Amino acid sequence: MLLVLGRRLANVIPTLLAVVALVFLLFSVLPGSFISGMNEDGRGAIDPAVMERMRKEMGLDDPLPERFAKYVISIAQGDLGRSFRTREPVTRLIGVRVWPSLKLVFAAMSFAILVGVTLGFVAALRPGSLVDTISMVFAISGLSLSQFWFGLMLMYLFALQLQWLPSFGYGDGGIRHLILPAIALGVGPMALLARTTRAAVLDVLNADFVRTARSKGMSERRVVSWHVLRNALVLVVTIVGLQFGSLMGAAVVVEKLFAWPGVGSLLVDSVFQRDMPAVQGCILMIVLFFLAINTLVDIAYVAIDPRIRYRR
Amino acid sequence: MRKLMWLAVSAAAMLAAAAASAQTTPRKGGTIRMTAPYAASFGSLDPHATPRAQDDIVNKAMHRTLYNWDTAQNKLVLELAKSVSVSGDGLVYTYKLRDDAYFHNGRKMTADDLIWSYTRIMDGSKGFPGARYIRLIKGAIDVEKGQAKEISGLRKIDDNTLEITITDRVEPGYYLFSGTTAILPKEEASKPDFASHPVGLGPFKFKEHIPGSRVVMERFDKFYKPGKPYADTLQVLIMAEAAARDVAFRNKEIDTSILGPAQYVAYRADPQLSKGILEVAEMFTRSLQFNPAFKPFADKRVRQAVNYAIDSDLIIKRLVKDKAYRAVSWLPPSSAAFDKTMKPYAHDPEKAKKLLAEAGYPNGFEFELTTSQNESWGLPIVEAIMPMLAKVGIKVKPKLVEATVLTEILMKGEHQSLISSSLTGPDSLATLRAFYSKTPRTAGNYTSFNNPQFDKLLDDAAQEGNADKRNDLLKKANNLLYDEAPVWFFNYNKAVLAHQPWIHGLQANPTEITHQYPEDIWVDDKSPAK
Amino acid sequence: MTAPLLRIEDLRIALRTESATYNAVENVSFEIGRGEAFGLVGESGCGKSITALSVMGLLRRPLALAGGKIVLDGEEIQDASPAEWRRLRGKRVAMIFQEPMTALNPLSPVGRQIAEMFVLHQGAGWSEAMDRAEDALRQVQVPSPERRIKDFPHQLSGGMRQRVMIAIALACGPELLIADEPTTALDVTVQAEIIDLMRELCAAKGTAILMISHDLGLVANMCRRVAVMYAGRIVEQQDADAIFASPRHPYTRGLINSLPRLGARARQGRQRLQEISGVVPSIAGYPAGCRFNPRCVAVTDICREVSPEATPLPADGLVRCHHHG
Amino acid sequence: MRMPRLRLKGGTSLWIGGTLVAVAIAVAVAAPLIARTDPVMDANLMNAEIPPGLEFPFGTDAQGRDIYSRIVYGARISLTVGIVSQILNSLIGVTLGLTAGYWGGWWDDVVTGLTNLMLAIPSLIFALAIMAILGPGLSSLLAALGLTAWSYSCRIARAQVLSLKSQGYIQAARILGYGDLRIMFTQVLPNILGPLIVIATLGMGGAILSEAALSFLGLGIRPPFPSWGSMLSEARDQITTAPWLSVFPGLAIFFTVLGLNLLGDGLRDILDPQSTTRRT
């Protein structure tokens, strides 16, 4: 297990470095700047002299390599710089967003796993049946939906028409506010998981060892619980991991729509206001989350699949 | 006869007001739930650090400035001072400060706090946006440049008396009512985490900020206006997505909501929702700014032709859904320098064609129009004018950019034309400086306007001490702009705030409708919020 | 002769697709006595495996039993309910598959996979079952079984895995063991060991064997009687000795000729082994008449038109050929 | 056991998906013939927001333009976005994957690192950054969606090369005197064409949805040419007052993406039968 972690870390660090470099370069060529953006609604009309000084203060006029070197050095010390906009340390700015983000991502993933895996299983156990067809139509429709559109529909149905749930916001951090955004975010992974699970279970059901299990005189239920479940899980875990890892980044749209105070909405806001330190911090956070989840998935593999320990 | 009518009207108004007040006396307690619609987060709760309208929604509740905009009288009033006297040359102002204003930490406000706050804003190493206002005070620039520690134009006479010396003969209220010039307590504001625990003079004190979600504030009991604020709690909820805000408002989760054109129509048509609509002509002028560096636009006739060719009224009526007032010239009607006798450009494609032909473009020309996605002054408007201009032979190539980039483009001047929204009040003189030839492009003269006659009018106005005479000069300047047509005068914004029936005391603030003085707002017991 | 342990009578297995139904296996009949080893031989794709699966009740869509009888110990089981099948499988009829790697669950220790048998059929608790699994491993001559029961299939060699399969199959002392190409995937040296092991254990327990293989030599070596299948039908059935001595069907002759024989090379010089030309036809493309006719060296007109009936041979044998003489 | 090819589920999805996609393509190709008006210039504010009826089958939008015609022309843009971005992704992915697997060494490390990088940064955020840099517009959109989702085809191409390498094919081809490029294109490429087509088909649906998401975030296509995503995004505020503004582009997106997904599934059954679980 330590070996897995070690190998993972060896992979993570160059990836992180590359992300830092890439994001830094990408956003350094972005047109517009935080300062000119302050005037976007025509209210600010900042004095040119002040703008000049702010540029200097924010180091926007330094040569690119110098800025990059400074940035990397400060990151290495755990300092992500200060937000242009709030003048707060970016670590704190992001810090308060992480928990809501994690909540949303975990809730969405729980929904996706619960519904998706169940649907996939039910469908695979009766391939070709009505249940199968309905589940898969459901799943493929889920993959064909525009996220913000679906979110709006949820809002209209469950908040406005049925009045079951609040339509937006974080509330007191309770579960009621979490449900709709989690579903909107989770529907894509749910659909994917339903399809993957179905395929995985079908795959396993056709495997030789399942035939062996049947030839032992096992009931179908036992065949599934003793032999199919775990094997299918190995395949499902891969997709869960990939989906899970990228969910924090994918939450951008949902967070914006539902005014959810996560990293994604901070990122979009920061991009549009050209708050570069915050943008870089958010992307770093999202990438870190992706890598962390993938490491966890790798560890989970070791726990589930004995072959991994000896392979590679 | 006229007077009589006026009497009748005012009597009716008074009756209505009386009826309204008789119906309800302000209830103490309850929760006000306002929305912040302009971004997905607040920039900073340190009012000095941010010029954004979004942040001022909260800052108006927690902080106070020397002056305020009185919506009822539609003019500047003293807020933190009880009286002011002005020297004969109009440059020295002596303020008698309030002796009943307390910060949320319990300390009483004194003249030192104003001096400290203004000095902080001028700290050159911080680049606070409010510096452009404080720079009016004599000696402020020296502090900004690091040549002095104190602003020489600020003098404390006693704890409750402050003398301010300014550099130009202008009304300092226009400068010192801006939210970025709020008065802060030194002992709190110099803490590094002030922005997370803001302390001010306002009617509500900070309780909680969930970044990206909301700010919650509580009633400040030692607020200087007796009996105010009414509500126990003030929540400002971030809701940038109009469609989501619509649902939340209909679902009674928020008490106020800003409306776009589409929703304005829907709310007006709804028998229930239509009762809770607050409208105001905001001091924003939406216009298409011509860049004379692009050859056709150097010709006044071409610029006029565009104004004639576009059926602005139709766009306002059908596309903007009457959520705007037709622009006549640059200054909005609420401005004292607005000439009420002026008529806007008529929709006259024939005349436009004629002007184009005279200018040497009988077959029209093509130009690039830079625009943002804004629903009221961006892409949809551009899409609407495209076919109209096509009818007189002008081909429009739209170029979509983010709102953030607009200003930068304007400053660089590499565009051919650009559609945007500009704050055009309340200080008419400052507003018209956007067309003053000595104003650099980077400071707001985005049309590179250069007209000696106009410059002269503005110079005279700046020297004129008498308000009425000054307004006359500004009126002339504004009318001159109309004829020169440096822009396509599109509209003045009509800001629309939808509110729930249980919320009362909202103000129709023409500088920004979301900026409410929350001490005047109260909710009755029908509010679903606790 | 006492009643046979297993009697297959006119077995027909259908392959149903959306557009048509084909008979993958038809007119198959044979009997296996108690403790007897019976061989079923043919190239891959001739239907021998699905015949075996039908005896286990393990045919899966699109394959299904379409006719005939399967009689186990005097009892017709072809229409048994799923629950009845479950009581038969593993307990009375067990099966070993070709590929021991994939036939074992990769994520489950082999001990547990054996122990399942005791839990399923003998109501044992897991710890008792694990002890007995260890014994079972010892019986199939796996060294240090106490350690091996915790191993996962991928940690075992191919031969070991097949021993595990045998241990599973014989765990509950079945009356019939179906071995579907049990040694095909193994090294030649291991093959003999496995065959010997099977033979020994079955002899000790009195278990009958249905041995399925493409290798006529192997089958003849192990079984008293042998049936040769081609394209879904039994084309010849004889005693093992007789089939080698006097194969009656051209296909059988072809199979025999394609076998390498000890010393044959010395006698025949560098002559190549004979092969049967062509391939087994697909189910949808069974030719009219004798199904072997396109590949037959002795084909005549009648072969292309009339399907040959079974001609009885001595000792319960039969041949299905127009020219069996 | 050799069996006749079975016609099971895959057939139905292929058929339905194919039909939906074919309709979308036909509409795009024939847009000038079947559109009733010009999608941009035929605006008449007097006709703004007319509900669907005889005169305007899908109603008109806020500008008074015929929504039907805009959807018809929008098919061109949405499909272009889908197709071109996926061609770009496939080209990049295949080139990198083939060369990385073929040459190995440091180049392989670089490509593998890049692939990991692309996987780690969510593609929507990557696309957002590119859109912000290049500014809204069709070509930016193609770049944003075409440069950010190639890791999948890259992996497949690389894996295929490695597997052929281990089987000695490439060695053999080299001995026969084939050049590197020739080997890549004649030996390797045909083997991965199937999975690639499947991925590209499914990716097209993803690209159309991403376009809608980017429009929602304010970084979509250059106006005023209609894309379904921008139409949907613009109409979202009027969902209660003028639902037809969003219903029709919404349906167009849904059915086209559904069609692409179904088609991809069906193609997978034919072209890529081994991988039942492989899915972007």
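Lettered A, B, C and D in written order, each chain numbered from 1.
Heads up, the rule we're going with is that contacts are C-beta pairs under 8 Å (C-beta built on N, C-alpha and C of every residue); 3 or more make two chains touch, one makes a residue touch a chain.
Treat the numbers as computed from the prediction; the structure is a model and nothing was measured.
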Using mean Cα positions, find the chain sitting nearest the overall protein centre.
-> A
Relative to subunit D, chain with the most remote C-alpha centre = C
Which integer distance in Å separates the CA centroid of subunit A from that of subunit B?
-> 39
Quick one: report the Å distance separating subunit B from subunit D, using the average Cα coordinate of each chain.
-> 44
Could you state the distance in Å from the CA-based centre of subunit C to that of subunit D?
-> 50
Find every residue in subunit A that makes contact with two or more other chains and list them.
-> 31, 152, 156, 256-257, 268, 272
Set of subunit B residues in contact with two or more other chains = 243, 401-402, 405
Enumerate the residues of subunit D that touch no fewer than two other chains.
-> 8, 132, 135, 218, 236, 239-240
Subunit D residues touching subunit B in their complex are 40-46, 48, 62-64, 132, 135-137, 218-219, 222-224, 234, 236-242
For subunit A, which residues are in contact with subunit C within the complex?
-> 207-209, 211-220, 222, 226-227, 230-231, 234, 304-307, 310
Note which residues of subunit B are touching subunit D in the complex, please.
-> 242-243, 246, 260, 262-263, 265-266, 311, 314-315, 317-319, 371, 373, 375, 379-380, 382-384, 386-387, 390, 398-402, 405
In the complex, subunit A touches subunit B at residues 31-33, 36-51, 53-54, 57, 85-88, 93, 96-97, 100, 152, 155-156, 159-160, 163, 166-170, 255-262, 265-266, 268-269, 272-274
Residue set of subunit C touching subunit A in the complex reads 56, 58, 82, 85-91, 94-95, 97, 99, 102-108, 116-117, 120-121, 152, 154-155, 165, 168
